[in-house]
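The two complexes that follow have chain A in common; it is paired with chain B in the first and with chain C in the second.
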Partner chain A sequence: MFIALAVLPLLLGLGYAMAYSLGLVGLLSEGFTLAHWEEVLGSAFFWRTMAFSAWVSVVTTVLAVGVALGFVAAWPRVFLRGSLSLFIYFPLAIPAIVMAFIVFQMLSAGGLVSRLAYQLGLISGLEQFPGLVNDYWGIGIIAAHFLMAAPFFIIFFANLYENEQVEEFVQLARTLGAGARQAALRVAAPLLLRRAFPTIVLYGLFVMGAYEAPLLLGRQSNQMVSVLAIQKLQRFNLGDIPQAYVACIAYSAIVLSLAVWLLGRNGEERLKYQGSGGRGKKV
Partner chain B sequence: MAKRLLKYAFIALLLVPFGFLLMLSLGRGWAYPEVFPRQWTLENWHFVWGAQAGLGRSTLLSLAISLGIAAPVTLAGFWVSKHIAYSRRRRFWLVLAYLPYVLAPAVLAACLQAFFFRAELSGKVWGVVLAQLFITFPYGVIFFSGFWNEQMRAMEQLAATLGGRPRQAYARVLIPVGRGALMTCFFQIFLISWFEYGLTMLIGVGKVQTLTLKVFQYVGEANIFFAALTGCLLVLPPLVLLWLNKRYVFARAGAR
Partner chain C sequence: MIREQKRRSALWFFLSSILLWSCGGQQERRPEEAADVLSMPWEAIEQQARGSTVNLMMWQGDPLINAYMEQYVKPAVKERFGINLRIAGGQGSIIVQALLAELQAGRPNSELDLMWINGETFYQLRQIGALFGPWTDKLPNARYIDFENPFIGQDFQQPADGFECPWGNVQMAIIYDSLKAPAPPQDRAELLAFVRRHPGCFTFDNHFTGLTFLKILLMDIAGGPQVLAGPFDEEKYRRYAPLLWDYIRELKPYLWKQGNAFPEAVAPMHQMFANGELWFTMSNNDSEVDNKVLQGLFPESARAYVWEVGTIQNSHYMGIARNAANKAAAMVVANFLISPEAQHRKQDPAVWGDGTVLSMEKLPPEWQEKFRKLPGRRHAPPREQMQARALPELAPEYMIRLAADFRKEILGQ
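Here is the complex of A and B:
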C-alpha cells in the first residue's frame, strides 16, 4: 500500500517528466534530445526564478523563526497555558489561498493599510502608497507566508521549550550568573534552534515550492518555480510542455540535494520529535 | 498589567484576519478611501444556499472529499506506519514519505497530470481524491512513525502473551491507546485536503470546484465580497476542529 500510494506516484511522475523533457514521449516528441534542458538551464529567467524562490523561502523562514524564537525565549509559558495557547493556533486555520487574498486586500494600493494611511493623512491618494503586492522583492508573498509560519514556529518552539526541559538549562545558567537576556540568547535560543533545525529546513523547502500565495501576490517577471512550471504546462503552446517538465525535474533535483546536504544522516533522528509518539505531541 | 495588555493586543492581532474577512463578507461597496464598506448586509451569505453561486455545493463537495480522505488515510497510516516503524529500512521508507512535501504537491501534480488524463480521471472528483491520497497518505505514515515505540511493542506482545489475536490487539489495546493521536491525525489530514488548491486545480482542471478554487475564481472576477465569504466558509471548519481538538483531545491527553 505504501509503495502504491507514496512511492509509485513519485517514480511515475518524475520518470514521465524526465522522459518528456528528453523528447522520448509527448505529442511533439522526435526522439532523444537535450535541447529542452539546454534551453531551460541556459536561460537567465529560470535561474532568476530559482533565486527568487530561494529568496522568498530564506527571508520568510529567517523572519518567522527569529520572531517566534524571540517570543518563546521571552515568554515561554504564555503560549502553553491560558487564552493565547488557543488563539495562537487560529492563523493555522487559514488556507494559503485565503491568506494570500487577505494580504492582497490589506497591502495593495487600494487595500486596508493604504486606506488607513489616507485617513491618518500619511498619503493623499492610492498612487502614493508603495507597491507591496505583485512587487519585485516579493514582499506580499513573504508577508503571507510569514503570517502562516510565525504562529507555527511559536507553537513548535513553545512545545520544544517544555518538552526538552529548556527551562532547567536556563535556570542553571541564571544560577551561574547569566542575565535573563544572556540566558535566552546563549542557552534557550541555541538549544531550540538545534532541536528544530530539520523542521526549519523542511519548512523552508516547503515555502520554496509554494504555489497559491505567489500565484496571487507575485508578478510575471519575477515568478516562483511552481508558478513558472504550471504556467508553462497550461499554455496552449505545446513546445512549452517539455520546458515545464525540465523546470520540475531541475527544481526537484536542487531541493533534494539541499535537503540531503542540510539534513544529512542525523535529520531523521531529530525529526522523530515531531511525530505523535515523540514528546512534542501537541505540535 | 502591561503584560496583560500586551497579551490582549497580541490576541487582537491574531484575530484581525478573521475580522477583516467577516467584514468583507458582510459588506457591499468598499470604495477608496473608506475603511469600512458603505453597506452592511447579510445578503452575500444568502448566496451560500442559492444554486446560482454554487457555494453550498462547493462546501458539501469539499467536506465530502476531505472527510472521505481523512478517515481511511488515518486508519491506513496507523496500520502501515507500524510496519514501517518496526522494519529494518525504516529510515529509507520515511525519507520517501517526506518527498511529496519536499518536492511540492503542485509540482508532483504537474508531473502526474498526464496519467490522470490517460486514465480519464482528470476533471473528476475521484481523480482529485486519488491525487490527494498521494500527499495525505505519506503524511499519515510520517505522523504515526513516532507512535510505534518500544512501549507500544511491549503492550502488543503482552496482549499476544495473554492469548489475544493481532486483530484483538488492535481493537482492544492499540486503537484505544492511540485514540488521541488518531483524532489529531484525522484533523490534520482533513485540513491538508481542505486547504489543497494547486493539486486540485491541476488534476480537477477547474471542474472539481472545491471552496479553494471558488476563492480564486472570485478573486479573478474581482468579487472581493464573495471571495471573503468563501474564505469565511474555508476557515470555519478548521476553527471548529481546533476547538474540538483543544477541548477534547488535548484535555484528555492532559488528564492522563
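Here is the complex of A and C:
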C-alpha cells in the first residue's frame, strides 16, 4: 500500500522527468539527446548551487539543533507545560514565505533592525547597514529557516527528553559525580542526538530543497537548487525546460544517496550500540 | 493468503486505472463545443455563452486591478450575459506550463478559457500551438480598436493576427523620489554619473520590468529602435549585446548591493522604494505611481518619468486557449472588456489607470467626451507627452537572449 501510494507516483514523476530531460517527451523535443545533461552537469554554476544549498542546509540545521539542545538540556520541562509551551508552537504555524517576508522586513537595509541602529546612533545612514539579506553567505535565508527549525527541534527534543527518560540518566550521572554541564553535554545531548538523527537528516534535506525563502532573501549569483530549477522551468526559454528536469533529477539522486548512506550508517551504529548492551532501539 | 493476493490485485488494478485515466483519459466534449463558434453570428455566440462558466487566468498582484475585475467585471458579465466568471491567479510561465501540460497529456478540454497575456507569453503559446483563433474580428467592440497602431496591433513585433485581443496599453516608466533626486538622470551617461555620486540607490529587477529596461538600453546603444526593428537578428544582437554588458558592468559596483543581487520582481523594489532603501523603482504601467500613492504605499514625492531616449510602450491582451471548453463565453467576456464603458472605467487612475486600446477617432462622440473628462494623473506625465517618447517592443527572442545572457555575463551563472 505504501509503495503504491507513496513510491509509485514518485517513480512515475522521476520517470517522466528523465524522459523529458532526454528529449523523449515534450512538445518541443527533437528526439533523444544527452545535450541537456551535458549542459547542466558540465556547468560550474550548477555545482556551486549544490554546494550553496548544502551550506545553507548544514548551517541552519547545526545552529537550530545546537540551540534547541542547549535550551532543552537547560530547561527540559519548560517547553512541555505552561505558556511557553504554547508560544513555542507559534513560529511553526508561519508559512515559509511569510517568515521570509518577516526576515526581509527585519534585516534589510530599510528594515527594523537598521532603523533601530540608526536611532541608536550606531549607523549614520541606511547604506551603512551590513547586507544581511540577499547576501553572499545566505545569512537571510539561514535566519528565516533557523526561526522555523529551532522551535521544531525544541519541541522535538523536549518530548524525546521526557519519552526516553533522559532525566533518569542525567540524575544517575550526577549521582556518580558529574557536574550539570558535564551531564548535559556527555549524557543528555548524545542520547537525544542519537535518537533524533534520522529526523535531523530529513530536516536538513528539507531545508536544502527550500524555495520561498531563498527566492526572496537570496541572490542570483549564489542560488539554491530549487530556485535554479524553477528559473530554468519558467524563465523565459521553453528550450530550458529539460535542463530544469536534469537539475531536479541530479539533485534528487544526490540527496537520496546521501540520505540512504547517512541513515544506513546511523542504523548500523545503533545496532552496534544495542549489541554492546546499550539501551537504544532500532529506528 | 489468496484473499490477500486478491486484495493486492484489486488495489493495483484500481491504481493503474487511475493512472491510465489521468494520463490520457478522453473527456466528453460539451455539445456546443462541437459547433464552430467562428462561423456563428454574434447573437448566437451570446446565446450560447449564457449560463456558461469562463475560467480566466490573470496576474493578481495589484489590489486595484483585482477590485476592478471582482467588483465590476464579474458582476457585469453575470448580470448582462449570464456568464459566471471565475478568476484564478497566474501569469506568463504559469499559463504556458499549464497549457503545455494539457497539450502533452492530450487533454481535449482545457481548464483555462481566457488568459491575460502579452509578449513572450503570446510568442510561447503560439510556439506550442496553444491559442485559439483568429477570433477578434468577431467581437463587435473590436471596431473601436485601431489595429493599425503598431503599439496595439503588434505584440513584440509579432502581429496579433486575431489570436489575442488588445485589452490595455501601457508605457514603462521610471519612478523616483523627487525629494531625494530632484533632477533624475535622463540617459545612460547621466545614470552612470548619478549612481557614482549616490551608490546603492538604483537597481532593476530580475524579471519582466528589468528586462524591459535592458531592452531600452540595448536600443539606445544600437542607435535607436529602428536598428533592431523587425524579426530577431543574431548578427545585430552579437554586435550590440556585448556593449550593453560592458555598460552594466560599469554600472554594477554602484547599484543596490553592488549589483551582486537584483530584486526578483518589481514588488520588492516598490517595497524598498517605499521604505527609502531605493530612490528609484520602475513599472511597466505608467499610471502605477498614481495608484501606489493613492494606496499610501509610495510617498507623495514619488514621480514617474521617461528618459529622453524613450521607454517601451506595449499592449496587453486577452487570449483564448485552443482547447477552451467555453470559447463563445470567453469571446463575450473579451468583448465586454473592450467595450467603451469597461475601458473608460479601467483608465480612471482611481480605478486602475490602464491606458485604453480604443481609438478616440473611432469612438462615438459621447464616449470621446467621457474619456477626455477622465481625471488626469498627478504623479506621472500626461499620456500624450509620454507617447512622444514611446519605443516599440523588440522581437521576443531579444528578451529571451537578454535574460539568459544577463545571468551569464552579469550574475556569473
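One rule holds in what follows: the second predicted complex is superposed on the first by the 257 of 283 C-alpha atoms of A that agree within 3 Å, B and C clash if a C-alpha of one lies under 4 Å from a C-alpha of the other, contacts with A are read in each partner's own complex, and residues count from 1 in each chain.
Everything that follows uses one rule, which is that contacts are C-beta pairs under 8 Å (C-beta built on N, C-alpha and C of every residue); 3 or more make two chains touch, one makes a residue touch a chain.
Source: prediction; values computed, not measured.
Overlap between chain B and chain C is detected when the two structures are superposed via chain A.
Applying the stated contact rule after C-alpha superposition, one finds that A:L126 touches each of chain B and chain C.
Looking at the shared chain after the overlay, A:G110 reaches both chain B and chain C.
Using the contact criterion defined above for the overlaid structures, shared-chain residue A:C248 touches chain B, although it does not reach chain C.
Of the two partner chains placed by superposition, chain B and chain C are both touched by A:M1. Shared-chain residue A:I94: touches chain B; no touch with chain C. Touch criterion met: A:L256 reaches chain B, while chain C stays clear of it. Once chain A of one complex is fitted onto chain A of the other, the partner contacts of A:L233 extend to both chain B and chain C. By the touch criterion defined above, A:R219 lies against chain C but remains apart from chain B after alignment on the C-alpha atoms of chain A. Ranked by how many residues of chain A each touches, chain B and chain C are led by B. With both structures placed on the common chain, the touch criterion links A:L12 to chain B and to chain C.
1, 12, 104, 110, 126, 215-216, 233 are the residues of chain A that lie in the contact sets of both chain B and chain C, per the superposition on chain A.
Note for the complex: chain B touches chain A at residues 7, 10-11, 14-15, 17-18, 20-21, 24, 32-35, 76, 80, 84, 91, 93-108, 110-115, 133-134, 137-138, 141-149, 152, 178, 181, 184-185, 194-195, 197-198, 202, 212, 215-216, 219, 224, 227-228, 231, 234-235, 238-239, 242-243, 246, 250, 253.
Against chain B, in their complex, chain A makes its touches with residues 1-2, 5-7, 9-10, 12-14, 16-17, 20, 78, 82-84, 86-99, 101-102, 104-106, 110, 112, 114-116, 118-119, 126, 147, 151, 202, 205-206, 208-212, 215-216, 225-226, 229-230, 233, 244-245, 248, 251-252, 255-256, 259, 268, 271-278, 281-282.
Touching chain A in their complex are the following residues of chain C: 11-12, 15, 19, 92-94, 96-97, 100, 103-104, 120, 124, 127-128, 199-200, 206-207, 257, 260-262, 264, 268, 272, 275-277, 399-400, 403-404, 407, 411-413.
Residues 1, 4, 8, 12, 25-28, 45, 104, 108-111, 126-127, 131, 134-136, 215-216, 218-221, 223, 233-238, 240 of chain A are the ones touching chain C in the complex.
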